[in-house]
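Structures are listed in the sections that come next.
One chain, chain A, links the two complexes that follow: it is found with chain B in the first and with chain C in the second.
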Partner chain A sequence: MLKNILLISVSMLVALPLASRAQENNCITCHQDLEDQDGPSHKIVRDIHFQKGLMCNDCHGGDPTLDDMDDVAESKGYRGVPSYTEVPSFCARCHSDASYMHEHNPSLPTDQFDKYKTSVHGQRLLKKGDTKVANCISCHSVHEIGDAKFPHSSTYPLNIPATCGKCHGDTEYMSQYGIPTDQLEGYKKSVHGKALLENHDLGAPACNDCHGNHGAAPPGVSSISAVCGNCHAFQAELFDASPHKQAYIENDFPMCETCHSNHLIVQPLDAMVGDAEPAICTECHSSDDGTIGLATAASINAGIKKLVLAHNEAEVVLNEAIEKGMLTTDEEFLLNEVKQELIQARTLVHSFDSTRVVEKTKVGLLKADSVKSNSASLIDEYYFRRKGLGVATLFITIVCIALWIRIKRL
Partner chain B sequence: MNDTKQSRRGFLEVILGGGVLATIAAVVYPVTKYIMPPPVAEANLSQLKLKYGRADIEGEPKKAKYFKYGRELGIIFLTDKGKLNALSATCTHLDCTVQHRPDLGLIWCSCHNGKYDMDGNNVSGPPPRPLARFRVEEVDGTIFVSKEDV
Partner chain C sequence: MSEKKPTETSTMMKLYGWLNSRFETDAFVEYMKHKAVPVHSHSAFYYFGGISLFLFIVQVVTGILLLMYYRPGADSAYESVRFIVSSVSFGWLIRALHSWSANLMVFAVFIHMFSVYFTHAYRRPRELTWLTGMGLMGLAMLFGFSGYLLPWNELAFFATRVGTGMAGAIPVIGKSLLIAMRGGEEVTGATIGRFFGLHVAILPGLFTVLLSMHLIMVQRQGMSEPVEWDKLDPSKKTYQKFFPNFLLKDLLVWLIVLNVLAVLAVFFPDGIGVVHWPLGVKADPFSPPPPVIRPEWYFMFAFQALKLLPAHILFIEGELFGIAFFSIGGLIWALIPFLDRKTAEGEKSKKVTWFGIAVLAFMIVMTIIGYLVE
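And now, the complex of A and B:
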C-alpha cells in the first residue's frame, strides 16, 4: 500500500511539471500525438536541456503558444530543423555564448565549436561539406543528450569507445577515408580498454583522452610522447633524456608507439626488453650494429628477471606463513616495497640505462631476501610450536597417568 | 619385595615430579614468549610516535618522510605553509607509492601522473578517491600520527 502511494507521489512529481510545461508548449502536445515513443517529443524528457528547463523553441525558435504548425513556421525566430552542416553552429548559438551558458552551467567550457573547427571532423564538414563525418549530434545524440558524468550518456567514459566506434569501427562506412577501422577492436584488447571496459576504471583513457574530444585529431609523430606522457609522465621524462629520443626523431619513429603500438597497447612484458626474441630491441639493434644497445637490453632484462623471481619466491614463502596463521604484518609491508622497487625498475627501463635499472633491482633483491628469510623463520616457528604442543601434551599425559597411579595407591 | 615396591614408588615420584615440572614449563614457556616483546615492535594503531622530528622532515630534499603504520605506508610532509600533513602513501588508483612534490605543491604519483592536493584530495589524473588522512600532533617536538575518525 505504502509502496503504491509512494509510486503515485513520485509519478505525480515527475508528470505534473511536464504536463504543465507541455500545456504552455504546443510543440510537445502536437508532436507527441504524431510521433511514436522514439520520436523527439518523447525522448526529450531524458534530455539534459529539457531537464534544465529549456523547451523546443529555445533551440528551434518559433512561438510555442500557437496551435497551427504553419503559423509556428512563420512566427518570429523560427529556425526549424538545421541541416547536418548547420548543426555545429546551431548548438554553438548557446554553447559558445559564455554569458548565456553562465546562467545555466557556469562550469561548462564554451570553446567546443572553436575546437571542433580545428578537428578533422570539423575541417571536413565545414570546409569540404562532407556530411559523413561527425557533428555534435553524432556523439551526443539528439533530443536525449545526457551529461557526460551520467552513465546513460553516450559521452560517459565507459560509452565513449562505442560512440566513436559506431563510425570508426564500421569498415564500409569508413571505406572512402583510407584509414584503419580496427582501432576499437585493438583498444578493447589493450591494457587501457580492459581497465576501462572490464574493470570500469574511469581513470583509464578512452579515445578522447588521447585524441581530444571536440578537437579530435590523430596525434602527430612528435606529439605522441606528449600525449602518453599526460599519464605516463615519468616514463616520458626518462625517454626524453635517453639516447633513443634523438634516434627516433632522426628516423621519424613515432616515440612510444614504436614499442607499445597505438590502440592495441598490451600489458608490457619484461621480455619486451632483451637481446633475443620476443624482445622488441632486436627489431632495430643487432650484436654488430656498433652500439651497446643489445648488451644494455640484456643486462636490463637479466636484472628485472632476477627481481621478479626473487619477488615471486618471497611471495610464496610469505603466503605459506600467512596460511599457517603467523603474524606477517612486517613481511607483507616489506613485500609491497619489493613490488614498488619492481615497478620503479620497470619504469627506469625507459632511461635505457642498465646501471640505473640494475641498481634499483639490487635494492629490491635485498628486501625480497629479507621477506623470504623472515617468512621462513615464521614457518619454522610454526612447526616449533606444533612440536612443542605435542611434547607438552605428552608431559601432561604422563603426569595424569602418574597421578592416577599415585591416587590409586593411597 | 619391599625394595622393589620402594624403587617403583621412587620411580613414580620421579615421573610425577618431572612431569609436573615439564607441564609447568610447557605452560610458562609460551606465556613468557607471548609476554616478551617481539624483535620488531608491534604497531600501535591508535597512535604512532615518529622517531624523527620536524627538522628532519624539513631537511629532506622533498620535505617529506615515509612512516609505517601497521601494514600501511604513510607519508608526512611539510606544506608550503609550514604545516605538517600526513596521508596514506598508497595511490588510490593502482597502489603505487606517492611522493611529495614541493616544486608543484602537490602529492604526486609517478605511475600515471595522479595528483593530490596537500589534503589528499585527488585533483588530477586517474586516482578515483582521495588519500586517507592521518591526524598529526606535535607535542614538545615529538610527532604523533593517528588515524582520522571516519
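And now, the complex of A and C:
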C-alpha cells in the first residue's frame, strides 16, 4: 500500500514536467500511445535519469523532434536498443566518463565498468558471450532505475538479497554453472540476514558488502574468504596471528568460513569450541593427532562456560535486588562490565590461545563475584530495613497506646 | 517506691526552683495552666497546624543530616546524592524521610489553611496570623521548588527549566527574575548554587522568623472559637486544658504521623504514584527532555491551568493572563480577613465560603486533569 502511494506520488510529481517535456519529445508522445503501462515510456517517470532531466535521446540517441520513427532511426547519433552484451558499454558511455558524471552526480564513482570487467559476470559476458550472466540492467532494472538510497530501488540494501537471489536462487537458471543456489535461503537464516531483513538494520551486510558491487571483491580484499575482517577486525587480527592461519593456508581451507560457514552464518555458540560434540574443533582435531588442539579447546570452553555461569548467577541476584527496589546502579554498571569481559573473551577465542582467554575470564569472574556479593548485601539490607521498621513501629505504637491510656485517665 | 518518690519530686522541685529564680517561669506555668482549647465538631482540624510543625522539624533534622554529605554543583550534586542513598548508613532513610515529610507537610499545610478558611478562623483579631500563615505556605512551596533541583537528575533539571521559564513570562521583571533564579540564561551548575543557598539558608531564615511570629500569635490569642459561639450561651461552650490534655493529644498525633512517615519511607523510599522522586539518571542539558514533564503535585493545578489557556486572551498573551489571574487570586486569598466584613461582625459569610469551595474545586479538578492528560 505504502509502496503504491509512493509510486503514485512520484508519478504525479513528474507528470507535469513530463507533459511539458513530451511536447518537445516525440519519443514519449508516440511510445506512450503504442505501449501499455509496463512499457518503457510509462516506467521512465520513476527512473532516476529521467527525474534528473535526461531524456530518451540522451541514451538512445537520435533526434526526438522528428515525427517518424524511420526518420529518427536515420537521424544523427541514433543508437537504438543495445544488445544484452552491449549494455555495459552502453551505460559506461556516461558512467565511466568522469567529467560528464562530475556535472550530474559527483559523488558517484566512475569505475563500475572497469570493475565489472574483472568480475565473473563481466568476464563471462564480455569474453565468452554468456548472456545468462548479470549485466547492469539485471540488477538495476531498466527504464525505472532507482537511486540506491530509496527503498523502492532494486539496489536498496533491503532489496539486494532478492535482487541477487533472482538468479542465484533459481536452481534451473543456474543449473549449467555448477554452483549452489541455496545462498539466499542460507542468508535469510543467518545472523546478517535476520539483522537486515527482519530488523531492518541497514548496517548489516547484504550480498554486495562481501562480494562487492561491480567488481569481484571489495577494495583491499585479496580473497573473499578474508572479507569478514573488514567488519570483524579484532577477530581477523587475532586469527592472522594464530597457528591456524598457516595451517588453513597449507590445507587450502577457507578462513572464517571453515568454522562459521559462508551464507548461513548463525549466531556463534560457546559450544562451537571444545573437545566434544557439537564443537567444530573435533572435525579436524582428535585426541591423538599429536597437537594440543583439543586440550586448548577444552580449556577455552571451560573458561568461557565458567564466566557465563557466573554472569547468569550474578544477574539473578541483581534482578532480585532490583525487584526489591534497592538502588543498584553501581552493580548494573559492573554487570555490564562482566558482559564486556565475556564478549572480549569470546573474541579472544580467535587467538586459539587458552591462556589469554582464561586470563580474560578471570577478570570477568572477579567482577561477577562482586556483583553477586554486593547484590546479596542489598537484599540483606532490604530485609534489615523491614525488620528495623517493625521494631521502630512497634515501639512507637506502644508509646502511642501508653499516651492514649494516659489521655483517657485525664 | 513510696520512699523514692518524694526524693525524686524534691529533686525536680529543686531544679524547678533553680530555674524559676532565674527566669520567673511561674508566670509562664500559670499562663499555660489557664490556657484552654475549644471543643466542638471541628476540633480535629486544630491538630493540622501541629502536624505541619512536626513535619517541618523532621525536615530540619533530616535536612541537616543530608547536608553532611550533599555537595552542590553540576559535577558533584548527583554523585553526592547517589552516594548518600547507596553508601551512607541510613542515607536512603534520611532522604526518604526528608522527601516524604516535605510532601506531607505541604499537604498538612493545605488542610490547615482550608480548615482555617472554612471555619473563618482568620477573622479579627487573627488577621496577622492568617497573613503569616500564607507567607509560611508560600515559603513551603518555594522550599519544595528549590529542593527539587538539588539532586541534579533528569526530571529535576527539566522541571526546573519549565518552572523558571514560567517566571520569565512575568512582564517587566520576568527576564531579570529568570536570570537571577538561573544564574544565567540556562539552568546550569550556577542554578544549583542559587537554589542550594535559597533552600538551606535564605528560606530557613525567613521561615523561622515567620514561624516564630505565627506561633507567638497563636499562643497569645489562643485557638479560634467557631463563629457560632459568638452568640452561644457561655454555659454551652466546652473547653479542654491546653496543658496537659491538648498537648498530650498533639504528641499522640505526632507519634502516629511519625509511624506513617516511617512506613512510607521504608516501603516507598522513592515515593509512590505521582508523588515520587527517583534519583534516575544524571541531568544532561544536551539530552532530549523526557516525554512528560510534570511539576510537583502542589504546583500541578497552576501548571495545568496555564497549559489550558489559549495563546491570546483578549489583547494579552495567555500565559501572562494566567500569571495575572493567579497573582490577583492569591492577593484576594491573602486579604480575605480584611475583605470578609460579615464574619468579622459575627455572621458567617456565604459568599466567602462559596469562593473557598470554588478555589478548592478548581485546584482539585485542575490537578486531576493535569495527571490524566499526557
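The criterion applied here is as follows: the second predicted complex is superposed on the first by the 381 of 410 C-alpha atoms of A that agree within 3 Å, B and C clash if a C-alpha of one lies under 4 Å from a C-alpha of the other, contacts with A are read in each partner's own complex, and residues count from 1 in each chain.
Assume a residue touches a chain if its C-beta (ideal position, glycine included) is under 8 Å from a C-beta of that chain, and two chains touch if they have at least 3 such contacts.
Just so we're clear, the structure is a prediction, and the values are computed from it rather than from any experiment.
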Problem - Partners on chain A (chain B, chain C) - clash or fit - result: clash
Exercise for the section: Return the chain, chain B or chain C, that is in touch with more residues of chain A. Expected result: B
Handout entry: Touching partner for A:I398 - first (chain B), second (chain C), both, neither
Key = first
Exercise for the section: Pick one for A:N199: touches chain B only (first), chain C only (second), both, or neither. Expected result: neither
Problem - Touching partner for A:N251 - first (chain B), second (chain C), both, neither - result: neither
Exercise for the section: Could you tell me if A:F333 is touching chain B, chain C, both of them or neither one (first, second, both, neither)? Expected result: first
Exercise for the section: Check whether A:F234 is in contact with chain B, with chain C, with both or with neither, and answer first, second, both or neither. Expected result: first
Practice task
Once the structures are superposed on A, label A:I407 by its partner contacts, choosing first (chain B), second (chain C), both or neither.
Solution key: second
Practice task
Once the structures are superposed on A, label A:S107 by its partner contacts, choosing first (chain B), second (chain C), both or neither.
Solution key: neither
Practice task
Answer with first, second, both or neither: which of chain B and chain C does A:Q176 touch in the superposed model?
Solution key: neither
Fill in the blank from the handout: Candidates 78-86, 150-158, 168-176 or 312-320 checked on chain C; the stretch that hits chain B is 78-86
Completion exercise
chain A residues where the chain B and chain C footprints coincide 329-330, 385, 388, 392, 396, 399, 403, 406
Problem - Residue ranges of chain B touching chain A (in the complex, touch as defined) - result: 9, 12, 15-16, 19-20, 22-23, 26-27, 29-30, 40, 43, 68, 70-71, 73, 93, 95-97, 110-114, 125-128
Handout entry: Contact footprint of chain C on chain A as seen in their complex
Key = 325, 327, 329-330, 385-386, 388-389, 392-393, 396-397, 399-400, 403-404, 406-407, 410
Exercise for the section: Sort out for me which residues of chain A touch chain B in the complex. Expected result: 201-204, 229-234, 329-330, 332-333, 336-337, 340, 343, 347, 385, 388, 391-392, 395-396, 398-399, 402-403, 405-406, 409
Practice task
Flag every residue of chain C that touches chain A in the complex, lowest number first.
Solution key: 82, 85-86, 92-93, 244-245, 248-249, 251-252, 255-256, 258-259, 262-263, 266-267, 269-270, 279
